[in-house]
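Should a chain be cited, it is by its letter among A, B and C, assigned in written order, with residues numbered from 1 in that chain.
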Amino acid sequence: MGISLSSADRRAGLAGRTPSVATLCSHSSLQIFYGARQEGLPTLGLAIGPPHRYYDAFPLARPDRFLSVPKVDQLPTVAPELKRSGAIVIPHGSFVEYLGPERFAQMDVPVFGNRAVIAWESDRRKEREWLELAHVSMPRRFEDASEVDGPAIVKYYGAKGGKGFFLAKNRESLKDFRPTGPYVIQEYVLGTRYYVHFFYSPLSDRGYRVGHGSLELLGMDRRDEANIDELYKLGAQEELLKAGIRPTFVVTGNVPVVLRESLLPKVFDAAARIVERSIELFGGMVGPFCLEGIMTEDFDFKVFEISTRIVAGTNLFTSGSPYSDYVAPGLSMGRRIAQEIQRGVALDRLDEILS
Amino acid sequence: MGISLSSADRRAGLAGRTPSVATLCSHSSLQIFYGARQEGLPTLGLAIGPPHRYYDAFPLARPDRFLSVPKVDQLPTVAPELKRSGAIVIPHGSFVEYLGPERFAQMDVPVFGNRAVIAWESDRRKEREWLELAHVSMPRRFEDASEVDGPAIVKYYGAKGGKGFFLAKNRESLKDFRPTGPYVIQEYVLGTRYYVHFFYSPLSDRGYRVGHGSLELLGMDRRDEANIDELYKLGAQEELLKAGIRPTFVVTGNVPVVLRESLLPKVFDAAARIVERSIELFGGMVGPFCLEGIMTEDFDFKVFEISTRIVAGTNLFTSGSPYSDYVAPGLSMGRRIAQEIQRGVALDRLDEILS
Amino acid sequence: MGISLSSADRRAGLAGRTPSVATLCSHSSLQIFYGARQEGLPTLGLAIGPPHRYYDAFPLARPDRFLSVPKVDQLPTVAPELKRSGAIVIPHGSFVEYLGPERFAQMDVPVFGNRAVIAWESDRRKEREWLELAHVSMPRRFEDASEVDGPAIVKYYGAKGGKGFFLAKNRESLKDFRPTGPYVIQEYVLGTRYYVHFFYSPLSDRGYRVGHGSLELLGMDRRDEANIDELYKLGAQEELLKAGIRPTFVVTGNVPVVLRESLLPKVFDAAARIVERSIELFGGMVGPFCLEGIMTEDFDFKVFEISTRIVAGTNLFTSGSPYSDYVAPGLSMGRRIAQEIQRGVALDRLDEILS
């Protein structure tokens, strides 16, 4: 991050006041608002159209006020009002997806974290380059179907939320795949999926030291995927395909998990190297990120994706997780974000965690 | 509910005293007793035969005293003693199932909630009418096997707990079904199952307003089903059927889940319309109910069942859920019931929540 | 246990001082250290090589100090230092597995629990004898493949962590099994798996009484198994086997579950009989044990394994479980162990819980 002029400009409105926490009303907003409230920060919900009434059902997670725009592409127009309110915007997956990475990166408001990360995460090729530089174990990528020597998964570029993925148990079955756009073929790793929620704090000088800051692990989940997670009930995939029933991997929710303690060193080591490379490549990640990987029967943790902001799986841990309770009882990712902002204010180091 | 004479009669014993909370020793009784104790209400366990000693292992959830009858059909005989004790009976699934809906509806004791709901929930046709009037998305029902145009599930009328369900991946496979009684054929919706735990309070005048009261969401789970949930390990269903192994859907337990936040409006909207119709149709539901549905890959929430009382999935959330913690930290459904009773006493409005 | 001379010798260092809690840095050590700290006991981490830095990320679960040995077989050499420190060693699955049951049993340090149990648990035949004497329902064992009359699972003797298990849907499929060592053939029970975490306290004189002590239930989980738990996504097992993809059952993590309340009597009754037989057979188990079983569609709980010490599934319940919260809010198995030690000190009855 450092102190670029534009970043400093954006933060001008924050000088000498308690910042408020703003985010788009979706994804993990309840947790973000709840955590901010626990840390004494005012909250502001950005809604597309009138805010849905479900916030009324969760009084402790309802933002102090809403700011609505009729359409998602008008979100940037609230920037002046956000700056006037001393708001810090917390990015989450839906926020960046709805607005598009480019427009999000250009929003003229102080954003929690380093927005330079977006360019590295939203481009599959750059993401892979970063993870490879960090020597993270990953599923292999095949240039051509002829290279496939085991189970494989085909993903379309820019496919949203798991629709249109194609799974093949071997090269033979891959012949049934009829591409309708640009795609990548990946090794389909056999094992158990874990989504591991980390937090990197550049402001902390104790704990698990990485760079000039510290790495924390605050929880783990596994995603629920419609319809693949229940499709087996109907019979063999081969037969289902013949009957015209195709598996999809659309995420609908999450279940909590813990990992064998003896495997924690592997996920910590991978996360630490990823943070170190991020510092060299683009000034470092700040705050929440999630390693999404598969633990094989040989205890190799193959990372197939990184999310560089709060993920929805943390919504399981509103009031702490089996891991975050070892950091501070009842700590959620939303609250951890608010704590980092409060620390930035107290230490007069907000510039290191905003962009 | 209103003040029917018989309902007022039943409540006569409650006048001017702290009510006690009674329920049948099974299903979700630990949670109900624990929640009542947290709110300062005495508790009374109704046991068939001597109460099992497992209550001794949970000192905070053990009822203050037990009342035993030798057989389940003698439960109605404890009514006079319950009335003398100022008890309010909390219905749960096993309570109504063991006693039968008719006999439960006639028990001469004050019951938490509106017992008129039983007639609408225990009859599959009336339940569907109610949900259709609420414009809730549901799996299609086929009058005849010839109408089936995709995966289907066959359920016997009155089948208990998932035994004897038949799953077919298409009309073709349905030919293997040999009926042994009256049944219904339903569309088998592909997606992920969520059991969403709501609470409707006629006494609350804030929050998510529906009718004259408020709607709360206190948790979500997914049921464990023996043996379908593990059967895939043995091979393809087609092959298993040939080997004489039949899938069943008997519920044995529950796992916690959360839903994508962006899908909350859908479940809230459906629940609100169901409550509104219940008010018109039979004076309204009161307290816990559960929407049991499937989230499809297109984010359509297809409700296949409603339970109009506390469900066992809430037992995961003895000390709060990722949702109830936004209402009040650590809030369980059992405690929420006790809070509603205490509020009814304080406002002198018990008549609106008992029947 | 009783007061054998050697056991008393081992405990000599504990006289008149606050004991410290020591365990091997793996498995469930974070929980054990955290629980000890909550109860005011000093903690000591035994590491093979330098301790991994992940402890730094969990300040509340980091042991007060570490004691390292270069290789696992040098662990017994720390015994004198442990005795000097007034340490009580908490055994867990990895501790016993790494060191080997014989060498663990001979370690010259006070160990929490009765080390005589190791001989009964580490030998599959003695374990079965014990459970049979307790009249626990178990999967059948077949002397010969010709006896198999349904689904079966083949396990190699001493197979570690689920690798090399072979699953057959019937006798026919068993013909594909090519043994590479001594094995047992077991009935493969269809149903849902539950791992039920108990604690037996010889020092407690209230609650669910068994022998001279009490039985507690503190949580339940289900294990994640790579790769069997996700293999179905690729197609029918039969086809996968042809493609050279073999299911394995290696445990990588855990998910939380609860059981139907009406099934609790079954698991309590089985656990109570197992404790009673343990008292007769070898002086009794002390502290944590886990019943690992399958709940069938007929609600028969078939126990396929017992672990006689803290299991990793308890790591889900760092801050309480839906069951332990009825014993004491927020109670973990790690904390429960520390409480038992503190009680042993206070009552001057440490000799009954150490060996």
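By definition in this document, a contact is a pair of C-beta atoms (placed from the backbone, for glycine too) under 8 Å apart; a residue touches a chain by one contact, two chains touch by 3 or more.
Worth saying up front: this structure is predicted, and the values here are computed from it rather than measured.
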item	value
Interface residue identity across copies subunit A, subunit B - same or different by half	different
Subunit B on subunit C, rotation in degrees - Cα superposition, rounded to nearest 5	120
Rounded Å distance, subunit A centre to subunit B centre (Cα mean)	35
Residues of subunit A whose C-beta touches two or more other chains	231-232, 236, 238-239, 255-256
Complex contact set, residues of subunit A against subunit B	26-30, 34, 52-54, 56-61, 94, 163, 224-227, 229-236, 238-240, 243, 245, 248, 250-256, 312, 315-319
Contact set on subunit C toward subunit B in their complex	150-151, 167, 169-170, 172-173, 188, 190-194, 206-209, 214-217, 220, 222, 228, 231-232, 236-239, 247, 255-265, 268, 294-297, 299, 320, 322-323, 325-330
